[in-house]
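So, here come the structures, one by one.
Presented sequentially are two complexes of chain A, the first with chain B as partner and the second with chain C.
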Partner chain A sequence: MRRWLTLLDGPQTLGRGPAFWAAFVLLILFAALLPAFVDPFAITNLTYFLVWVFISLGLSLIWGYAGILSFGQTAFFGLAGYTYGVISINLGDAGLWTWFALAVSLVLPAMLAVVIGYFMFYGGVRDVFVGIVTLSITLVFETFMAQTAGPEWTIGTARLNGFNGMANMPPLTLPWDESPLIFDGPALFWLVLGLAILVYLGLRIMVNSRFGNVLVAIRENPDRAEMLGYNIRMYQLVVFVIGSVLAGMSGVLYTLWGSYITPSSMGLTAAALPIVWVAAGGRKDLTATLFATLLLLWLSQQLAVKGSQYALIWMGVILLVVVLFAPEGLFVTVWKRLRGRILSRQGTATPKAASSSSA
Partner chain B sequence: MTYLIQAYAFFYQFADAFAFLVLSGLGLAIIFGMMGVINLAHGEFIMCGAYVTVLSARAGLPLPFAMVAGTLAAGLVGLILELLIVRRLYNRLYDSIVATWALSLIATQGMLIVAGPSIEGLKTPFGSFEMGEYSFSVYRALLPLVALLLLAALYWLFVRTRFGVHSRATIEDADMARALGANTGRIYSYTFGLGAALAGLTGALYAPTMTAVPMMGQAFIVQSFVTVVVSGADVMLGLAPAAAVLAFIQSLLTKSYGQLIGQIGLLLTVIVVVRVLPKGISGWALQRSAGR
Partner chain C sequence: MATILQTRGLRKHFGGLSAINGVDLAVEEGELRCLIGPNGAGKSTLFKLILGAYQPSAGEILFRGEDISSLRPHLRVQRGMSIKFQVPGIFLELPVEQNLRIALQRAYRGAALGTELDRLLDLIDLAFQRDELAANLSHGQQQWLEIAMAVALKPSMLLLDEPTAGMSPEETFKTGELVKKLNASGMTIIVIEHDMAFVRQIARRVTVLHIGQVFYEGTLDEIIGNEDVVRIYLGKV
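Here is the complex of A and B:
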């Protein structure tokens, strides 16, 4: 246990030490108490923001840490969402069936990721071609789902409904004494918040462990890592599967949140957004990714008051500015500048050495 | 006779798909093949060409001149963007993908704000001809010929002109080309501009056949990527065969199962090609001819 906890801090994550963790705990307490203070609409909205954290963290892991740029994480998002829809509509919300649907919706993306990942990494598909394969897969999915409008596209009692997507799936339900516990409103918020914290901490431990160090070695130089005796394909496959399950988790939670899922949630624009969030914050750091996702989602919503096109333009501008002027990501660049400045003022270390050893 | 008409109908569909794949892939292929930059804003250059063509034709310019205007406009925008943005991102593959993706978002949504969800289109020129129960558009029947002519023109450009020789030297070994006096920076600029102009020309050529909408680039981008991946880096060698193979698969599937299945078939083909021939048809052909 102690050994695991020490891995929360390590060379692969920014933000460490007592001050960081104190702020982290305070933030969580604040977030957890929010439903007592703000109106239900704001809670629903916050839940929506948190839903997307998983796909971003997953992409940060596979792109930022392992150096595999997948354009098609939304394929897993959509697969999970549709799986939950089909199973839960067929089995209803009695007993633990909705949880069964949730579990299957995470297992299927994992299986798909194993197949695709094996096909790519063991087949020598590299660099941008990984992106092209995954993007193709998500577009295949989108196109396929968009043409399922007819009544012949029915699984059990669930209509796939083509371009309009599926709707009205039951929420997560837990049998409880008299009345079942239904996960919507604050309950869903706490569930998603709890999952987000667990995933964030789990990933921090993972990237700072031996496994994470090897991932970074592969990102920096795959050939060298292979020469040193690491089975890089295995590592790439495992990390791809984890990232894809996280994308699937976003998909299920999104479906639960709005009780609908449409093919356009897998399209080109949808596939671009996680890349924007991850690149903008700093893809090589989980914390930066986490906050960038939340911040940009909030910002998009503010900007979209006049129409979603305004929000998307600004997402594009932000992305462009980041790539040109802060290629490591906005948060990571600012963080490193600040640290360098503080350290140089204390005179404990030269800023150069400090920043390079923490990179 | 009916068999003959059926066969022609299939050939027409095949040639139409072939033209679409070649034309949508050309600009992307040149930029990718020569510079290694994956230009995700490719579809938006096509959109730019189409918009300028439609607008200037409606303003009274004869259609051929409007098409030239569309081509030049896209090329000019390409040159400017190369100067301001793309130039800084050479040798940073992922960053160039992300940046051009950002440009594509900005262009699409910007056009949506400026020009609205769609603009009034043009009439397809030349009318149609009939064979049995089928009716074919003359204009679309001519497009495959245009595609072939363009390929021939590019072949001439890259093989017979000074720019072509310098640019091929630059692909082969940029440092050596620079040492021997080729201005590689300028070659990259022109190449990007050429790729953008070709995309604009594609938009211009298809402008009379479809409605110009801000998202129209997305209709082309998937097709263009599919073609370029199957073709591989060498445009001259790979593009035409790649487009032919893909057009055959697509028109066959479309004929039997409908358009969406045709699309899906294309994407699945790409996935298989990436795995089996990672360097595309041209890479495979070069390797074979090198005797390895």
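Here is the complex of A and C:
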């Protein structure tokens, strides 16, 4: 147990120490209590922001930590969303069937990621070509689903419904004494919040573990990592599958949140947005990714309210600015500057320590 | 003594260029062997074939009697090989300590890892720079760091490709003493080196490679006394 706790605070994550964790706990408490204070619309909105955290954290893991730029995480997002729709519409919300649909919706993206990942990594596909392959896959999915408008595209009782997408899938439902417990409103918010915290903490443990050390080694120098005896293809495959399941988790939760899923969720714009969120905050850090995702989603919503299409243009501008001026990401760059300033100030305050460390 | 490494009829072609042209090499367990030869003789290519970074065009590589010619590099490393590349292959954006941890965690766990980490940091004189990014080290320090990473795997056979390139004479001498110490502890070591003072300091047996073939094998004195070897180094063949 102690070992796990130390891994939460390890070298591959920036936010560390008692002050960070105190703020973290306060923030969670604040978030968890929100439904008591704000109106239901705000809660629905917050749930929507949190839904996207999983695809971002997964992309941070495979791109930021393992150095594999996947441009097509939305393929797994869409696959999971449609899977939930097809299964839950067919089986209904009796008993635990919605949970069964949720589980299958996470298993299918995992299986797809194993197949794609196997051919990519064991076939020696590297660098930018991974992005091209994954982007192609998500665009093929989008194109295919967009042409399923006809009545012949029906699975059981579920119409795929082409470009308009599927709708009216039942929410997650737990049998409870008299009336079943339905996960919408605050219940869905708490569920998504809880999952986001679990995934965030789990990934922190993972990236600071021996496994995470190897991921970072592969990102920095794959040949050296291999010559240290690590089966780098296997590591790349495993991390790609984990990231893809997280993309799938976003897909399912998105489908549950709005009771719909459309092919455009796998299109070019949708595929590019997670790249912007992850790059803007700092892809090499989970915490930066987490907050950048929430902040940018909120920002694009504010912009969309004011002038529809400008939101996407601003996202593009943000990506450009970050790539040009803070390639490590805004949060990570600011964090490192601040820490450097604090350390140098401490250094001048205690000249003895400074001289011994530079000797 | 048993043979730890043997190559038979090893060849490697890159298109029309044959970099390795039928190398038969045998290294005994516990040996400290130097591999010398003019530029383009195929020394580094031979190392890459042994570790599996390249696949041979023909011939076979035996490690402790097992044919490893078609094994992936990490499997060869897991069988007890380790290499320091010619160009330092370290994790530049990670701290020194993290570089070593990644190498050490293959063979060590828990407290033993920490002990070995401190020992290696002292060995390469980087204990006071353990939190420094590897990119900020001098070239010589980067060489040492990579040697330490290669040693951290507890290999039975260590390949060093020009370990003293870019080092001052003092650093070179120190590296020589380190190599001898590792060899004395039972590690088989093969070194590619141009610096003859360094070769004299460490090696008992030297193999000369020329145009992808074993040209001569013997002690350093035999090699220096051999007119043919002197001639190929001066480029008259």
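Criterion: the second predicted complex is superposed on the first by the 344 of 359 C-alpha atoms of A that agree within 3 Å, B and C clash if a C-alpha of one lies under 4 Å from a C-alpha of the other, contacts with A are read in each partner's own complex, and residues count from 1 in each chain.
In this section, a residue touches a chain if its C-beta (ideal position, glycine included) is under 8 Å from a C-beta of that chain, and two chains touch if they have at least 3 such contacts.
Note that this is a predicted model, so its numbers are computed, not measured.
K.L.:
Is A:R224 touching the first partner chain B, the second partner chain C, both, or neither of them?
P.N.:
Touch status of A:R224: second partner only.
K.L.:
Figure out whether A:V38 sits in contact with chain B (first) or chain C (second), or with both, or with neither.
P.N.:
The answer is neither, since A:V38 touches no partner chain.
K.L.:
Quick one: chain B or chain C, who's touching more of chain A?
P.N.:
B
K.L.:
Between chain B (first) and chain C (second), which does A:L320 come into contact with in this model arrangement: first, second, both, or neither?
P.N.:
first
K.L.:
Kindly classify A:D127 by the partners it touches after superposition: chain B alone (first), chain C alone (second), both, or neither?
P.N.:
The answer is first: A:D127 touches chain B but not chain C.
K.L.:
Could you say whether A:L312 touches chain B, chain C, both of them, or neither, answering first, second, both or neither?
P.N.:
first
K.L.:
Check the residue A:L26 against both partner chains and state whether it touches chain B (first), chain C (second), both, or neither.
P.N.:
neither
K.L.:
In the complex of these two chains, what residues of chain C are touching chain A?
P.N.:
51, 53, 72-74, 77-78, 82-83, 85, 89-95, 98, 101-103, 105-106, 128, 149, 153
K.L.:
Note which residues of chain A are touching chain B in the complex, please.
P.N.:
Residues 69, 119-120, 123-129, 131-133, 135-137, 139-140, 143-144, 146-147, 268-269, 272, 275-276, 279, 307, 309-310, 312-313, 315-317, 319-320, 323-324, 327.
K.L.:
Could you pull out which chain A residues touch chain C in their complex?
P.N.:
Touching chain C from chain A are residues 11, 210, 213-214, 216-217, 220-221, 223-232, 357, 359.
K.L.:
Under the touch definition given earlier, write down the residues of chain B that touch chain A in their complex.
P.N.:
38, 85, 88-89, 92-95, 97-99, 101-106, 108-110, 112-113, 218, 221-222, 225-226, 229, 258, 260-261, 263-264, 267-268, 270-271, 274-275, 278
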